[in-house]
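As written, the chain order gives the labels A, B, C and D, with residue 1 at the start of each chain.
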Amino acid sequence: MEKYLYIALFAPLVSSLFSLLFTATPKKLFTGIVASLLIITSLISSSILLTHILETGEPIHVTMMTWMQTGGLYIPFGFLVDQVSVTMMMVVTLVSSVVHVYAIGYMDHDKGFNRFFAWLSAFVFSMMILVMSDNYAGLFIGWEGVGLCSWGLIGFWFHKESATWAANEAFIMNRIADLGMLIGLFLIYWNTGTLQYDGAFAAFHQLPTATLTWIGIFLFIGAMGKSAQFPLHTWLADAMEGPTPVSALIHAATMVTAGVYLVIRSHELYSLIPHVGLFIASLGTFVALFAASMALVNRDMKRVIAYSTLSQLGYMFAAAGLGAYWVALFHLMAHAGFKALLFLGAGNVMHAMKDELDPFKMGGLKKVMKWTWIMMVIGSLALAGVIPFAGFFSKDTILEAAYSGNHMVIYGVLLFTAGLTAFYSFRLVALIFHGEERYKLFGVHPHEAYRFMLVAMSPLLLVAIVVGILQTPFFDMVEEVLNGHEYHIEHTLALIMLVGTQLFVGLAILYAYVKYANSKIKVPDGTSKIENSFAYKLLINQYYIPYAYEEYIVKPYRELSEFFWQKIDVKVVDATVDGIASIIYNTGEKTRDMQSGNLSTMLRWMVVGLIILLSLAVIFGFTVKYSGV
Amino acid sequence: MLAPVNIPFESLNLMTLAPMLIPIIGALLILVIDVVKGGLDKSLYVVLALLFLVMDFFSLLGNAGLFSHDGTIMGMFDVMLIDGLALLGQFIIVGASMLFIPLSLTHKRFHEFSYPEFFALFLFMIAGFQFMVATDNIILVFVGLETSSLALYTLIAMHNRDKSFEAAIKYFTMGALAAGFFAFGAMILYALTGSVEINKIALVLASNGYSDIGYVLVGVAFMLAAFAFKLSLIPFHTWAPDVYEGASAAMAGYMSIVPKIAAFVVAMRFFEFLIHSHIVWLEVVLYAFVVITMTASNMWALVQTDVKRMLAYSSISHAGFVMAAILIGTTQANSALFLYWILFSFTNLGSFSMLWISRQKNLIDGQSSDHSYDKFAGMIKTSPVAALIMGLFMLSLAGVPPFALFWGKLYMISSAVSSGYTILALIMALNSAIAGYYYLKLIVYMFMKEPVVGVDGEIYVANATLALRTIIGIAAVATIFAFVAINPLLEFITAFVSKSGY
Amino acid sequence: MEIGLNHYLVLSTILFAIGLVGVMRRKNLLLLFFATEILLNAVNIAFAAISHYYGDMTGQMFAFFIIAVAASEVAVGLGLLIVWYKRHGSIDLDVLTTMKG
Amino acid sequence: MLDHILSILIFFPALAAVFGFMIQKESMRTYGVAVALIEFVLSLVLWYAFDNNVSGMQFVENIPLIPAFGINYSLGIDGISLFIIILSAFFTFLGIVSLTDTPKVKYMIITLLFLQMTMAGVFAALDAIVFYTFWELSLVPMLYIIGAWGGPLRIYASIKFFLYTFAGSLVMLVGMLFMAYFYHQAAGVWSFSILDWYRLVLPENFQLWLFVAFFIGFAIKVPMFPFHTWLPYAHGQAPTIGSVILAAILLKMGTYAFVRFSLPLFPDAAAYFMIPIAILAVIMIIYTSMVAYAQKDIKQVVAYSSIAHMGVIILGTFALNVEGVSGSIFLMLGHGVVAGGLFMLVGVIYDRRHTKLMSEFGGLAHVMPRYATIFGIMMMASVGLPLTINFVGEFLSLLGFYQQSHILTLLAGTGIIVGAIYMLAAYKKAFFGEVTNEANKNLPDINKKELFGIIPLVIVAIWLGVYPKPVLGPINNSVTSIIKLMHAKATTELAKERIPDLTKPRVFLMKKTINKEVN
């Protein structure tokens, strides 16, 4: 089985290196094909590993070689395939396989075709390291690796200022969080002597709660950055500058869920510190609502989906924080499927609309893009949590977990957010595919995507539809690792909740259709009443948070840097050094007149010197005489 | 009637006088030759002088052998004194003189070397210096001092330029004043102790417990002023830059070494017993001298535009640095003084010689002085070997290891450290850093600037002859490979110094 | 009043001081040389007196040497002075200032 | 031959340099490459012959030089110095190979070979005076390189570089003399041998003063805040090769000296000054990173980034535990490779445009994709991405210091953020966006010769990031013995507490997987 582990891990690396060879050359179709095949190889290996795990329940643990070893520190390149990581591997390889194939079509006309696949496969490799590592340091490698690839892919179209800006923002924000994670690692090492999961987990039980709390907090800070939790969330929406397949793979399905994975992976830690867990859950709940609210009004198709991703990540954290790790993982898995589907659908739309992102400028696309429409609708239904699609099972279980844990506020908020989710999802669907064909005003001639792209998306469609029924087998598989339990709420109550939720969601969808699928919708021009309302402005400006960051962090930082350089470094530190030198030099310059060249003066200096010596002698003589020595 | 004086001839210990007699005989011989047949070429006199110096050196070696065997030797009515200090001093004096004499074999003709008197005076001067260091008697010190000084004034003046005469007059006048100081100081000490021999003075003063400390100090102050003049300590230094500038470069280099070592030896004899008696006044005053001289002259050297004048100030600074040895007064410090000075003489004579070979009869257009920095701009391009050698001397002067002077500095600072003069050690170290700037400035001109238009490489070696090149070569080799010689030198010096009780 | 050692020493000191003042004040090279001679001769007086006081010949020897040295100094000094005068027609100190700084 | 391999390593280039004067101008480059290659191969032979299991000194040579004063020509290397020597030979080789059409190339190569002598000497010296000699001597060729081939302010920059370091090291020299004096007091003989000094336990107050004296010399060389201002000038004015060697090797002399002298000689003082120095290191990291962000000249960005990285190295060194010190030494190598590479890369663009202002560029990734890729890799190595050489060092350094202070490590850790900020900003300015400047439209991409200089660095940067063991192992051995020595020598409670006692088994709550696969 180890063979498959290595194949699953390194096939993406090979793929990336292969594509890298051609980065500086014009588009070569075979790079895309070879890359996709290699990723699919990885998918197949992962499936074999999954079967193995399902059959035997035995995790596979290998140590490839030593990475770092000094003092008491020993970090190997070790890989662990257990129930949790194999789930992640499946998610990663599946979505990335789809995205790779899809991208062959999507990036068809792009100059950087080869480069794209190099980055994309590198991302997959990093992600595989992240999920497969058997220690925190290895996880950190992947963690930073995906950050790097995310930087390269967001800024893929580097001629665009906004893209490179977003890339840097993403990288730097992630780094802020990475610092937290790094500190968490240090804490783990100095308290347990190891960064291996098994060693550290075993040692956690003997550590004081305070230490564990700190570890938990710092690790979670790391997770917050990668999973774009408040207040480090702004980069995710901006990251939509990247090509859409990237958004699908990185900023929806995999990388952003790494934070959730970290919490799930460290469940032995977090289950020891439920107060931190509660904080995580609260923050997750808040983000779920917060992000959904911003999605309500946004006029950028991809950003709406991005906010939705953010919101769903909030759900996952809520679940993980409440100790329902398996639920979180399940939602992660389901979400990866339907969210990637939504993004790729949005990609189709963009392709058709010549990179237009404003849904108000579309409308009625249903006619020309039937398949995309179907996929987007199913994706949205899954997202909204409509029975029997994937989202229903996962999200509903989160609500049950909150309810059964007696966290009524969390439950309430999450329920309310579910309604919002339904609303904004179908607002988007309605605006894009229904109503008047507003795009005609802009002279665009939309067309359906390549057939093979649609075929490539079909696995995701499948996931969105059927994954729900896998809930129980999934639970059976991971419970051994995650010590989870199923949530059983009294039957009638459960039924009431189910119906109530579905009703609420259904009403929200209906409202969205009524409001946005009609022919009265115009391209907003900033004059309507709603656009000038305070709430709208607040939401469309993302609560003014990016503005505040720019104004109160970025600008002062730039100014402070400038100040440090111009004022401190040049005018104080360096000037002091030069000042000392020039004091010495100027003293010489000023006193050189002592050497007037006039013999009289020279003789006087001698006499003066003598007189000074004599006076000192006399003073000293008297001192000795009268001091009684 | 006077009773016949009966002194056994052996007790005179004539060989104590031999090293001084040899140059005197040589000088007389040169004069006689000139009387018999005038107009001979200077090379004859150079070789003669060199010959006598070599003989002088051998006689010193003989004395050194005796000294290391028997210890201190007195001779000539106990006026002459052969101890380690005397021998080391004379070795440096004669050695440096041997290096100097061939420098007169220049390519261009210079006024002074055409007179045989130049060489006679030169030998007389050496005898004078030798008398200074090889005696305990203040009278003889005075006589030696004046003999050498008067000869030196004349030698400077013989360069026969306006500046040389000005320099000679300045030096002479100030020297006369210093002589007055010396005499007055000697008089006071004589009045207090009834003796003119340093060790007797020390004995008397110690036996009455320095009861008249005030008067003693007044006497010492006068003596100190006289030495300070000779050693060019601030504020008695004012002659030095002008005299160095006025004298020929070779003579300036010579002056920076030989008269000073003579004065150092005498100062060591004179002040050590006072330092060891813990006369606080002297410690304070010497401390001040050392620090002020080092620092101030460094500052003035920074602002010079003429290399020779810069080297003059740098020599002052080095003298101040070495003066610290007198202040510290341990065997290690005194050994360091000699070690330093030996290394310094090679390096400094080398660098002045480099100026000497670039000396023109007339100033180049647009040059304000003979050796302005501008003249050396871009030297690496026109005359790389000369530039490298000059750079080497500058680095050595700056104390960059492993070149000669570094080891002197190292040992000197170490002696300060070992005696608890921490602050002094730091000041000495930091002064080396300040000094680094002006040595570096020349390197910068030579290696990093573009040549002055119209200057070809020829001017840097205008004066070069085989003799000059040889001397510079010796100096350069000695500067680079000094580290090989440090150990034997150090052992030799330390043995001599400690055997003499210093 | 009997003339004792101290009187000689005081006289010597006074003469020395006069010499010093002369050295500092005189602008004429020749007079400057005179002043230095005064310095040396002041010392001579003291040496002679002290020598007499101690009944020791060393002081007088020193005095003789000083006289000899002073004489040679004059010879050298005057030589330099004459050359300078020939070249510049002046023995004023303020002319001797080509080198400075 | 192996008995004297260190001497050969030191003096072979010097001798070759002297002979170089006789070589014809046109053949000089070939000659230089050949000599540097031999030197590099010799350094590899050294590595090959190096016994990884010995933690002490190897290839020891000892020739009395001034026995009367305890000065010996004594050489030897351990795991700490071995790799820096190899690195210096490596960089001299790459530097000469990638030399662009420099005027007076003959003198340049001779100077570089002399420089190589001093670099090898510094790291191989086991006698303080020999160390000091090479240490000071290294200033001279660098002075010449900056002063003769530099930019418009080259003379100011070179003099500043020389005098500043010279002044600092003179203070250090006084410290050395004190050390020798104390040794003389204790043992009755003079000795400047570092290994002899290791055996000397000094009272705490002496240690403090001596530590300060050494510190001034080292700190200026490193350079530590606030003694760093010579560095931007030196880098700003130096030719590419000068900056490369300066950043890659010369700066390491300071940090190496901390490990070689300050820690084992003055363990109590090291523990005493740990926090103040760490604060300086933190200032270096954050402050200079911010200053780097404000720069307009891309070379200055790299220059200031060097200071920031040196801050991490200092922090690791003063962690006083095996993890931190090993990490700091590894980071020395890492920073050498990466900063050296970045300076080379800046040189590539400078050769084409004769400007280093980022405002002059923009969109270079369009016209020079290979160059942009390599620059990107080196930049990512510089910001310490895992699996690059710098990460290993930074991670271990910070990890080590975390044991000593949480809050300072946290602050120092912000280096990974602010470091990313200035690097990415610079990269964005120079490489991203549209090509707006007409002069950049037709720039040729990086050529073969330049690639030959840079690709090895890229390979090393990644190789040692992925598999640091061959280097980290020997370093770990030697560092362990130093830490043991320090703990044994420590006299104060503070030092005993801060320096771990490695003779006792490490106490962790759990030791299951650790060391399972050690051998």
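In the analysis below, a residue touches a chain if its C-beta (ideal position, glycine included) is under 8 Å from a C-beta of that chain, and two chains touch if they have at least 3 such contacts.
Since we're looking at a predicted model, the values are computed, not measured.
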item: Which of B-D and A-C has more C-beta pairs touching across its chains; value: B-D
item: Centre distance in Å when chain B and chain D are each reduced to the mean of their C-alpha atoms; value: 44
item: Distance between chain centroids, defined by C-alpha means - chain A, chain C (Å); value: 95
item: Distance between chain centroids, defined by C-alpha means - chain C, chain D (Å); value: 66
item: Chain A and chain B, separation of their C-alpha mean positions in angstrom; value: 77
item: Contacts with two or more other chains, residues of chain D listed in rising order; value: 163
item: Residues of chain C engaged with two or more neighbouring chains; value: 23, 32, 96, 98-101
item: Interface hub residues of chain B, defined as touching at least two other chains; value: 169-170, 173, 177, 241-242, 303, 437
item: Which pairs of chains touch, using the document's own definition; value: A-B, A-C, A-D, B-C, B-D
item: Residues of chain D that touch chain B when the two form their complex; value: 64-69, 107, 129, 132-133, 136-137, 139-140, 143-144, 147-148, 154-155, 158-159, 162-163, 166-167, 170-171, 173-174, 177-178, 180-181, 184
item: Residue numbers on chain C that touch chain A, as the complex places them; value: 20, 23-24, 26-27, 32, 93-94, 96-101
item: Chain A - residues contacting chain D, complex; value: 23-24, 63, 65-74, 76, 137, 140-141, 144-145, 148, 151, 155, 158-159, 161, 164-165, 167-168, 171-172, 175-176, 178-179, 182-183, 185-187, 189-194, 196, 198-200, 202-203, 206-207, 557-558, 560-562, 564-566, 568-569, 573-574, 576-577, 581
item: Complex contact set, residues of chain B against chain C; value: 138-139, 142-143, 146, 150, 153-154, 157, 162-163, 165-170, 172-173, 176-177, 179-180, 183-184, 186-187, 190-191, 194-196, 241-242, 245-246, 303-304, 309
item: Complex contacts: residues of chain B adjacent to chain A; value: 169-170, 173-174, 177-178, 181, 213-215, 217-218, 220-222, 224-225, 228-229, 235-236, 238-239, 241-242, 280-281, 284-285, 296, 298-303, 434, 437
